[in-house]
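Each of the next two complexes has chain A plus one more chain, namely chain B in the first and chain C in the second.
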Partner chain A sequence: MNILNTLSILAAAPSEATAIWLPVFFWTFALVSVLSSLAVLVVKDIVRCAFLIMSSLSGLAGLYLLLGAEFLAFTQIMVYVGGILILILFGVMLTNREPLLIKRMKATGLVAPGVLAGLILFTAIGYSVCTVDWKVTDQPLPADADTPARIGNALMSDFILPFEMASVLLLVALVGAAMAARRGGAEG
Partner chain B sequence: MIFGGTMLSNGLVFARYSLAEWIQGLLGDRLEMIPEWILFPLLMLAGCLVIIGFITVFALFAIWMERKVSAHMQCRLGPMEVGFHGALQTIADGVKLLGKEDIVPRHADKLLHYLAPIIVFAGVFPLFVVVPFSEKILISDINLGLFFVAAVGAVEVVGVIMAGWASNNKWSLFGAMRAATQLVSYEIPLGLAFLTIILLAGSFSMVDIIHQQEGWLSNWFLFHNPFMPIIFLSFFTASLAECKRAPFDLPEAESELVSGFHTEYSGMKFSIFFLAEYAAMYVVCAIAAVMFLGGWSTGIKPLEAWLADSAGNPMREVLSNTVHLVVIVTKSMFLVFVQMWLRWTLPRIRLDQIMHVCLKVLLPWTMVAMVATSAIELCWPGGNMVLTALTIVIWSIPLLWTLKAILDMTVGIFLKFVPSGR
Partner chain C sequence: MMTIGLTHYLLLGGLLFSIGMAIIIIKRNGVAVLMGLELLLNAAALNFIAFSHYTVGDVRGQVVAIFIIMLAAAEAAVALAIVLNIFQHFKGIEVDEVSTLRD
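Up next is the complex of A and B:
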């Protein structure tokens, strides 16, 4: 056995020999993700909730990483942790009047719609998970399974329409935001 | 200088034996007895320890360097007492910080106050995984290197906001808000600069990007076409904002916010913020060196070819790795010096000025340069000597002008005090 080769392979990617660690990582990430999502519901301080969302989203990024979807994992961190979370925190802090923001925990007549929305979402996701024909295989992933080149090619060929639609939507949002800000500035 | 020496000797050890080889040399045949599933986490741990070692040593050196640079720019001497020209001052300060009381404000959010320095450090530490030092001295060359840097780089700001919020101090909160505002401004030019380099190199991997720039100096992406220096300047400016260095040090602004988000931190927690700041300085400079200045490449083609030809010649390999280590660290340290130089030259700018600079100046210029670079890359894939020559000619004018200004200010002033002949 060539130890050097083994070591460099180990350093590059977890192989079969290291598969024993995969459950450890999986459960760590899964527990972090699920427990912090639950805690968001229970914790009263809204800023803490925002930080808990961060740990939940980062746990999800870790799960993507374990699945070999590096690009998705980094995108998750970039978009959610670096972008959306910061905007949430920014919004929470800008609208802050009290020293500590406390969520209202009493039922306010939104219980029924909330439960209904939750049920619909749960059923929809559960239905799609159960009905999709997952292709299970024992083969290792091809080396270029998750390269940005393949994603880029797919986006610019097979999925060009959704891609361009998303760009137009974002452009509209940008222009709209600029307009809204300008009108506010003129009035105030 | 002592620290420089340690760094170099560490580097030599790792140059001779990359981490894996070194471990084998340490354990010999006994390595065979350790099962792979134990080796794997041990290897990861070893990588982490190497990074922590580098960050600590670099911060020790850089803090001393910053104090000396600032002192000499202001005609002072700076620390002179501890060690040769105050070289051991940072160690003394570190010991002092270790002994300080850890104060948590009474009405602070204690949990978040405790976690914030950890998250700030966790936003910088992983970046070292992809920062290369030479062919053999790098932790991992993941094929999404630059994208990883862009993604993880934003985590630090979450820690800063957390620190500002948890301190329950309005100055700290102002600092945190400024950090968030700054982030949404500088991220866009930074991302576009990354995009241009990825476009030129056709790869996200740091090592690939360096290999694309090997050979003569003219192969560096900085000289690819006349628009690249614009992107370099834009990237460097945005990276100053990312490290919260002057003139973009609004989140900590000593004079207005009493050091902003870390006002309420003392002792070790404060020093972790400090460590993370200096580590981030090195990371962005090393990445700028990789992206624009050819990474570890010396820029002399015959020398590079001679160094690369190390088949059956282990000493040549050691030499090659050492030279490359020295080259990339020198390039990065020069950029770190420029960061310090700017800090002690420029006044701090206002928040609206930051947004103006990032969104109305850097963004359009980077956008134009990116589109132009894409067009050039489409017409002449792999670069064009005429364009490179044009770049050097055009950009040598502002460069020479700057050099003349520097010489006037240093040598010129010095000459004034030299008594004339009689």
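Up next is the complex of A and C:
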């Protein structure tokens, strides 16, 4: 836990001595997530894709730490790496006919349009990001700001309606998923 | 190296969003398409957190990111149930072979 605390404090209040490490951590985490998501594009094995996505999402969790959002970083790891990835692996194994390790995805058909769409999208986003003059605040959250407590307060005051609707949505989605996944579908 | 600012995080979010988009278009396996979708949602969440840190100085953006993670969980559960149904019906999950909603 100590190193994680150090990470978020380092990000929130960079002093002269620690400021040099911030770019190092940023570029490490950014490279991890970008390279592993790029690898998903070329890797044929679906199980390897799942683990590459996991690595990409873990890199994003590190970036959340750098942004002073330690609660979100651990939520990210618990929900994605612990929950959604397991769900995806279940999906992979339930939809395979051949033994898992030799399962390859079929040849892909839309490589050129996909790469083109990605490039155009990135050019558009990059252009708009670089041309807008973002108003950066001069009062960021202090390093010892108790973000989990602040998030709890925000959820119970300003965001109470979305919070309750989220609980209803989760209930409906999980019951619906259980219904739909039954053998024979909804009418079975 | 230069200082890390808001623009770095926004560009990174845009790059991850574009990669996720390309994964959705290129992959034919339904589960792999879902992975691209998760990447899209995470790129959006990264933007929210970066804005929350750099331009607001508050936790509002982090709360929105929590809602995004919650939506992603619900979406993954429902989508995988649909993928299982597609697999039983079409004997495969190649998304370009699924052209009808029912018989």
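Just so it is clear, the second predicted complex is superposed on the first by the 116 of 188 C-alpha atoms of A that agree within 3 Å, B and C clash if a C-alpha of one lies under 4 Å from a C-alpha of the other, contacts with A are read in each partner's own complex, and residues count from 1 in each chain.
The rule is simple: a contact is a pair of C-beta atoms (placed from the backbone, for glycine too) under 8 Å apart; a residue touches a chain by one contact, two chains touch by 3 or more.
Keep in mind it's a predicted model, so treat the numbers as computed, not measured.
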Partner chain in contact with A:Phe71 - chain B first, chain C second, else both or neither: both
Touching partner for A:Thr147 - first (chain B), second (chain C), both, neither: both
Residue contacts with chain A in the superposition, chain B compared against chain C: C
First, second, both or neither for A:Phe90, with chain B first and chain C second: both
Those residues of chain A which chain B touches in one complex and chain C touches in the other: 71, 75, 83, 87, 90, 94, 147
Residue numbers on chain A that touch chain C, as the complex places them: 19, 22-24, 26-27, 30, 33-34, 37-38, 40-41, 46, 49-50, 53, 56-57, 60, 63-64, 66-69, 71-72, 75-76, 79-80, 83-84, 87-88, 90-92, 94-95, 105-106, 108-111, 113-115, 117-119, 121-122, 125-126, 129-130, 134-137, 139-141, 147, 150-151, 154-155, 158-159, 162, 166, 169-170, 173-174, 176-181, 183, 185
Residue numbers on chain A that touch chain B, as the complex places them: 1, 3-4, 6-8, 10-12, 14-15, 17-18, 20-21, 45, 47-48, 51, 54, 70-71, 74-75, 77-78, 81-83, 85-87, 89-90, 93-94, 99-100, 147-148
Touch list for chain C against partner chain A, complex: 1-12, 14-32, 34-36, 38-39, 42, 45-46, 49-50, 52-60, 62-63, 65-67, 69-78, 80-85, 87-88, 93-94, 96
For the chain B and chain A complex, residues of the former touching the latter: 19-21, 23-24, 31-32, 35-37, 39-41, 43, 47, 107, 109, 111-112, 115, 140, 142-144, 147-148, 150-155, 157-158, 161-162, 165, 168, 173, 176-177, 180-181, 183-184, 187, 204
